[in-house]
C-alpha cells in the first residue's frame, strides 16, 4: 500500500485520538473549584505540594483517565460484540454483560472481599461479565437470531438488577440501599489513582484480546462457514472475544458502575469512517467511546444540578433515543 | 493438489448424510457434483472444505489427513464458496474481494494482495462495481462479488456450492467458462450444479450423488446416462447436439 | 392481650397514666416506661430510676451504636413495634419525631400514653428537653442535677487549656458534611472551634464534593465513622488519597465515633471532650 494510502487510513485514527486527548485535558480543567490548570501542572512538574497540584493529581487526573479508559473499553467491547453477532444493536449494556458485571462487583464489595484484597473488585466484575458473555455466546452459537439474543439480554439484565438490589438489601451497611444508584447509573466522581491502577492491567489485557480479533471479525462478515474456510478457529475467536469483553467491561464496571449505551453509539458513529469494516471499527470505536464518555462527564459537570448527575443518566438520555432511531432505521431497511 | 476420500461417512445431528464415499480428485480438473435435492452434495462440499468432520473414513489432502492440517494452511489450499452466503455490513465489492486474502495474512505483501484482488475482480466481471456496496447489488451481481472473494484466495482448490444458480444466462455461461479456465490453469474446481447441460458442457468429470452415495463417477456421457438420470432424478430427458457440445433437457417426470 | 380491657377501658387507663405522669411532683414517678428511640434510651438511663424502666430499644444494646450499652443491657429490649410495646402495658412510651408514623399513630389509636420528643440540636434545646422528660417521668430533681453536672463539665472543658479557634470540617460518608445547626456544629462550637462547613454557607447536613472540601483547607478534619465499617461505597471517600494528602499538608485528622454525637443527650459532652482531647494529642 502506498504511503498516502496508509496515511489516509491512519487519518481518522489520529483525529479521534487527538479529540480524545483534548477532551481528557478539558475534563481535567473542569471541576467544582476554580483551578488554574496551567499553574497546577507547573506545580506538579516542579514537585510543589500545593493545593492546586493536589486537586489536579488526586481528583481531576483520575477522573479524566478513568473517562478515557472506561470509555475506550466500552466502545471497543461494543464494536467487538457487534462484529461477532453481526448486528449493530449489540452492546454490553443491552446484552446484559454490564449488568452482570455490576452484580459481580456488588457481591464482592459488600461481602467485604474487596476490603481484604483490592484486586477482588475488578475480578468480581470480570466474573459477572464472563458469566453473561458465556450465556450469550452459547445462545448465539446455537444459531439464535438477534431477537433471541436481545431478549436473553433483557432477561440477564433483569436478573442481575434484581440480584444486585437483593445483595444491597442484605448488606449490613445502612447506606447500601442508596448505593444501588451508583451501581446502576455509574459515576466517575471521586475516584483515585489507586482505582486507575487497579483496572489498568485487566483493561489493557482485554483490549489486546479484542483488538487481536480484528481479522476474524472481518472474515465473519461473510458468515461462519466462510470465516472458518478463511482459516479462523471460531471457537478460539469466541473465547478471545468473551475473555476480552469480560476483562475490559468487567473491570470498568467494577470501578465506575454501569454506564450504558456507549458501546452502542460509538461503533455506529465511526462505522462510516472505517468504511464499515468490522476490524477497522474496533480501534475507532474505542476512541469514540472515550470521546463520548468524556464529553458526557464534562457535560454533567457543567449542568447546574446539585448533586451532579450520574454518568449513566446522561449516556442513557442520549443513547436510548439513538437506539430507537437505529431500530426504526433497521426496520425501514427490512 | 490431490484429494483422496476412502469410505467417507458424514452425519449431521444424528442423521447419516454421506455413506462410505470413495473417490479421488486431482488438480487441473473441473468436477461437477450433481444429484437430486437432499443427496448430500452440499454436505460433501463442506466436508471437503474442512467445515464438517467425517465420523468414519479418511479424507486426505495431498496425502495428509485433513484434520491434521493447520487451519490457515488449509485455508490457503482450499477456497470455499457457500450457497446464498451472507455479506454483512454492506461492504464494498472490493472490500469483500479483499477478504479472500485473509488466509495469506502475514505471508503476502500488500502488493501481491492487491494484484490478486484485481485479478479476481476482473475474472468475476465485477471490477466496474468495485466501490458499490454489496447490499445494493442484484442477486447475480452479489453472487459474482462473492465469487471474486473466493477467487482472490488463489487457492489450488476451489469448492463452489451452486455458483451459477442465481445468475442470468449470460453470466452463467461466463462464470462456467471462468471456472473451467481456472481448472485449465491447474486448479481443482469442484462445483455443485443443478443445470445438467452446463454440467455436461463445462465439466471434465461428474460425480452423481444420490441418497448419500456416489452412483456414478466419470465423464458426462457415462454419468448422465438415461438410466442414471431416471434413477437419480426421476425424470426423462431430451438430448441434443450442436457445434458447442451436447445438451440435456429434463423433459418429463417419471 | 385477649384478657385486656376493651377500648374504653384502655383510654381510661391511658388518661390516668398521663395524668399521673404530668403531675410529677404531686404523684408517684411514672412506672413501666418504654422507650422506642435510641436517643430517648440515653435520656432515660440518665434521668430515670432503673425500676421505672420497662424496656429500651434493641439498638442501645449494641456498643457500636450506643455509649452506655452495658447499662442498657440490663433492661429488656423491644424491636420498637406497636405489639411489642403494648404487650408491656406501658405507663409511658417515649418516641422521637422521626419514629415511624405508622407505629406512632397505631400506638396512639390503641390508647398507649405516648410522648414524641422533638430533635434537640443545641445545648439550650437539650437542657429544655432534659427538663421536659424529667418532668414527664416524675424526676425533676434528677433532671436538674443532670443538667447541672453537664454544664459543669462544659465549663471545665472550656477553662482547661483553651484551644485556638481552629476551623473544623466534620465529614461523614457519602460526602455529607455537618453545617450550621447540626449536633456536630454544636459540639464543635462548644469545643471553642469554628465550623468550616457552616462558614462555607452550609446549613444542616449538606453534600460537598471532595474538591470543594480540599479547597476549604480546614485545620481539622473530623471523620464521623462507625466503629465497625461494613463495606460501603459511602466510606470510600474517607480513604481517598486526596484526604490523606490534606493531612500530609498540615490538616489534622481526628476520628469521632458516631455514637458519641448521634444523640442529643447528657453524654453529648463526651463528644466535646473527645474532640478537645484528640486535638491536644495531635501535639501543639
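Letters are used for the chains, namely A, B and C, taken in the order the chains are written, and counting of residues starts over at 1 for each.
The working rule: a contact is a pair of C-beta atoms (placed from the backbone, for glycine too) under 8 Å apart; a residue touches a chain by one contact, two chains touch by 3 or more.
What you see is a predicted model; the values in this text were computed from it and never measured.
Summarising the inter-chain layout, the chain whose CA centre lies farthest from the centre of subunit B is C.
Among the chains present, the centre nearest to the common Cα mean is that of A.
Subunit B has its Cα centroid 43 Å from the Cα centroid of subunit A. Work out the mean CA point of subunit B and of subunit C, and you get 86 Å between them. Chain contact summary for the complex, subunit A toward subunit B: residues 1, 86, 215, 218-223, 225-226, 228-233, 271, 275-278. Only residues 46, 49-51, 71-76, 78-82, 85-92, 95-96, 99-100, 102-103, 105, 110, 114, 146, 149, 153 of subunit B touch subunit A when the two sit together in their complex.
Within the complex formed with subunit A, the residues of subunit C that make contact are 173-175, 207, 209-212, 214-215, 217, 230-234, 236-237, 240-242, 245-246, 248-249. Of all the residues in subunit A, the ones that touch subunit C in their complex are 31-33, 49, 51, 54-55, 58-60, 109-112, 114-115, 171-176, 178-179, 182, 189-190, 192-194, 306-308.
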